[in-house]
Amino acid sequence: MDRKVGLWKETMQGLKTWARVNSPWVLHFNSGSCNGCDIEILATLTPRFDVERFGIKLQASPRQADILLCTGPVTRQARERLLRIYGQMPEPKFVVAIGSCALSGGVFQGCYNVMDGVDHVIPVNAFIPGCPPRPEAIIDGVVKLLSSLSAPTSKTQPQPLEVEKVSV
Amino acid sequence: MESKREPERFTIAIGPQHPALKEPGSFQFTVDGEIVTKAYVRLGYAHRGIEKAAEQRNWIQDLYLLERICGICSHIHATAYCLAVEQLAHVEASARAQAIRVLVAELERIHSHFLWIGVSAHEAGFDTLFMYSWRDRETVMDLLEGLTGNRVNYSANVLGGVKCDIDGEQRTAILKGMDFLEKRARHYLDVLTNDGMFLQRTRGIAVMSRTQAEVMGAIGPTARASNVARDVRVESPYAAYKQYPVTMALDTRGDLEARFVVRVNELFESFRLIRLILDTLPEGELMVRFPRRVPAGEVVMRVEAPRGELFYFIKSNGSDRPERLKVRTPTICNITSVIKLAVGHQLADVPMILAGIDPCFSCNDRTVQLSHAEDGSSCMMKWEDLRRHGIEHYQGLCK
Amino acid sequence: MNAEEILTLASSIVSSWDWATETSRPNPKQLDVKVNSLQELVPIVVGLRVKRLGYLSAIVCLDPGPESKEMEVLYHFCPGDAVIALRVRVPRENGALPSLCEVIPGAEVFERELHEMFGVEITGLHTPDRLYLPDDWPANVYPMRKDFDPNVLSAN
Amino acid sequence: MIGIWPILALMVFPGGLFILAGGLVYEWADRKLLALLQNRVGPRWFQPLADTVKLLAKEEIIPEKANKLLFIGLPVVALAGGLTAALYVPMAGIKPVYSFPGDLIVTLYLLSLLTLCLGLAGTNTLDRFSMIGATRTLTQVFSYEAPFLLALLIPAATVGSWQIGTIAAYAQSHWLILVQPVGFVVALIGLMGKLEMPPFDAPEAHTEISAGALTEYSGRGLAFFHLARAVELIIGLALVAAIYLGGVSNPLWFLAKTLALLFVMVGIQSLLTRLRIDQTVGLWWRYGAILVLVQWLVLILVNRI
């Protein structure tokens, strides 16, 4: 009987993970970036890259998003908003930091009005470096994050992982 | 029951996280039903403090810093900076370098305008046009990448010239790209001026008369759509625009449709210019030697970014870093017009009105940085650490 | 009109206040006007405006540092090919400038920036709220001044 | 004593599982076709299913100010309305499971339930974007509902019966689209309005008001609304096909006709710009309603003669 329950639970968990991996809805937040990364994120929606192939959909409401794509070095003014949006997202949620600024502050590192990276404000699951990363790199990063979800070691919450830059 | 509501109910905040604004910037519109009765702007979500940071970095570092003010018009920022500093240092880049600067600037204008067509179509809910225009935009992105090595922050400029040259192969590629894009631009012009449903959202919306445009200080294509002849490339030719004169695209109607038409017409002018430059590219060195210290002085440099006049003021005190650097970006001038025009319009028109000026908030909000000597050195340390770390990492890999 | 004509016209406008101003030409396309009294700023701008030279490109503030008692504010007008710079001096402490919003509505954002970054009061400004700086920014701290100390922020 | 058949009909076919699966497949077809028209590859075939399962497994956040019962109940009612309507519609070429004189009216009102629930859900959450979305949703109902209703009642009047089964049977020998093209067009466009497809997507205009009435919905509620919409899509298509396109006498015809309708709808979606809410209202009352009335007039005149 116990085994049956276990099997049932496992199947349900597997189904959930499958759905989660195949239907990542993303929300984009610009925390003070130069637009470069943001435009590249937008470019991933367009015919050449078309992320709808992976089920990735850009959502407008934080309530309906699974993954937060965050660009920019996080300015003081944007910090509170970022925290609020992160709080509004329902569990399970993941954060992807996109671009050098979001990783470390980039050229703006040390500027007093910036927090030097997204991970100083909210926990980040994946980092995608580049100034800006190419759309391919962004897609690769998100897909890598997703594949880490179905990896057996991290069923519930994935460990932060570094996504390699796609060679140009 | 909460039935006792004020007649003026809602304040709709557009931004900083709002799907209509890919960039942060916060507008608050008070609406009565669907009609906007009050508009208010709050910038600062992308305020990084670049002006202060520029005072802390040397002339070369500033070039790369300023290029990252904006990811859409990175080249024009670098161009303005280089031209200004070259003027201060009494150095003149070669004719070939200037021509290449103009070439890249025009390619950037094409990319920016195509991007804008797509974004505003998206705001209007016309996603098919968004998809198509962005598909075509990839052509010019490829050309820019082939030319400079990066899709967004090209770094084509260096102090004293440019770093990338154009060879025969690239020339053919660019010419081919221009032919394709010209065909597409004609098609879009047709769609934008003849599609009845789209015209419902653009024709006669947010009309700005010539006087209004002048009073509110509108610039760039927004002003030119209201028949204000203001284009730095024509008024005060810089770089190689003296050799390659530009004709201004003007429109008298001043509504959203006119802003579309003006921008598409500017595309044709850019295609012509690029072909002309490729045909008559002067020979010469790509860059000349540039001193580390720049003589003391003040300089005002104005260039025409895709969104309008970009203003640089640089003061040097003779050291290896600027004493004061002021950037005034085009959007800041046009924001006033959004605030004034939005009142009285439908909420549904607001994203279009906003998009109409092609706003770029990253441009407006520039950073302020630590003015501490210690922090400067700690930055250097970090950089050094990183470099060492990189070397060690790869040495480890070799073993 | 070419730059030469514009600048001649501009100097003729400015010279009606010549008992208080001095002009110089740092380069062929630029006219620098030192405005000595703040009361004259608005009339001069109105004068430029009337002759269609009143396109305000930017307001730049120069802070020479705490040893100096004054800051310099430059109003750059860029009609056509020419640049007309009105240079005004304001005291570093409790300095105030008249607002140009009545003449040039677009000046509002520049003036708000000037106020935030350098602490120059603008008299007659309708919305003196924060434009660029964060909401939790400490009062009376002006980041673009030369003696700005970022430690103020970390203490905050 | 209730037999097993009604329960089976409700749970498996044509209600329940079948209509849900069908709805998801049609939603996929809609998205895929739109993507193809926009020069993209588009979603994979299981995409709507994955979306739904994911939403069901997600945390549901109920806003503090909202009425909890309504917040949870409305999506269920919306979905239930759609599933019930499936029983009266000739699904997959099979005769409707239940039928009584006047079921056309009942079906139409069941289909409106989704929109009403959306409106209520939007106003219930008290979020600014939801409020405006809900206002727009309800405004839109008043604009397209009447013309849509009239457009579907024209065939009923022609046949002289308010029963879907009877109309569909009559339609199998008479392609009503040929006789009443205007009614058909209005019905099809009305269906698009009902489903809030572009150009009638002002109530959920992403660029203006986030996700409209559903801005605050995250998990199960959103999944139910999604499913309800998918169900409404397939029912609406079946209804229009059965009435106007010569009936749906077997599964193959059903598939061909509904897909053809879907293709036309996707084409319209991809070609048009979103209408402002006032433009939507104007369009329906100025053109939609008048066209339908003209069609009625023609019908009456023809009958007299």
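Per-chain residue numbering starts at 1, and chain names A, B, C and D are given in the order in which the chains are listed.
We take it that contacts are C-beta pairs under 8 Å (C-beta built on N, C-alpha and C of every residue); 3 or more make two chains touch, one makes a residue touch a chain.
All values derive from a computational prediction rather than experimental measurement.
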Fill in: Top chain pair, ranked by how many C-beta pairs fall in contact
A-B
Fill in: Between chain B and chain D, centroid-to-centroid distance (C-alpha), Å
44
Worksheet item: With chain centres defined as C-alpha means, what is the inter-centre distance between chain C and chain D in Å?
Response: 61
Fill in: Whole-Å separation of chain centres (CA-atom averages), chain A against chain D
34
Discussion item. Suppose each chain is reduced to the average of its Cα coordinates; what separation in Å results between chain A and chain B?
Written reply: 27
Worksheet item: Of all the residues in chain D, which ones touch at least 2 other chains?
Response: 38-40, 129, 206, 210
Worksheet item: In chain A, what residues contact two or more other chains?
Response: 46-47, 60, 75, 77, 112-113
Worksheet entry | Per-residue overlap in chain C, given as positions that touch at least 2 other chains | 133-134, 143, 150
Worksheet entry | Chain-chain contacts as defined at top | A-B, A-C, A-D, B-C, B-D
Worksheet item: chain A touches which residues of chain B in the complex?
Response: 16-19, 22-24, 44-50, 52-53, 64-65, 68-72, 74, 115, 118-119, 130-132, 134-135, 137-138, 150-153, 360, 362, 365, 367-370, 375-376, 378-379, 382
Response to the item:
Interface with chain D, chain B side, in the complex: residues 10-13, 18-20, 31, 34, 121-128, 131-132, 135, 195, 197-198, 200-201, 346-351
Response to the item:
Seen from chain C, its contact residues with chain B in the complex are 3, 26, 29-30, 55-58, 60, 62-63, 74, 76, 78, 80-81, 83, 85, 104-110, 117, 127, 129-134, 143-144, 146, 148-151
Worksheet item: How about chain C: which of its residues touch chain A in the complex?
Response: 133-137, 143, 150, 153
Practice prompt. Note which residues of chain D are touching chain A in the complex, please.
Written response: 31, 35, 38-44, 46-47, 49-54, 57-61, 129, 206, 210-211, 214-219, 222
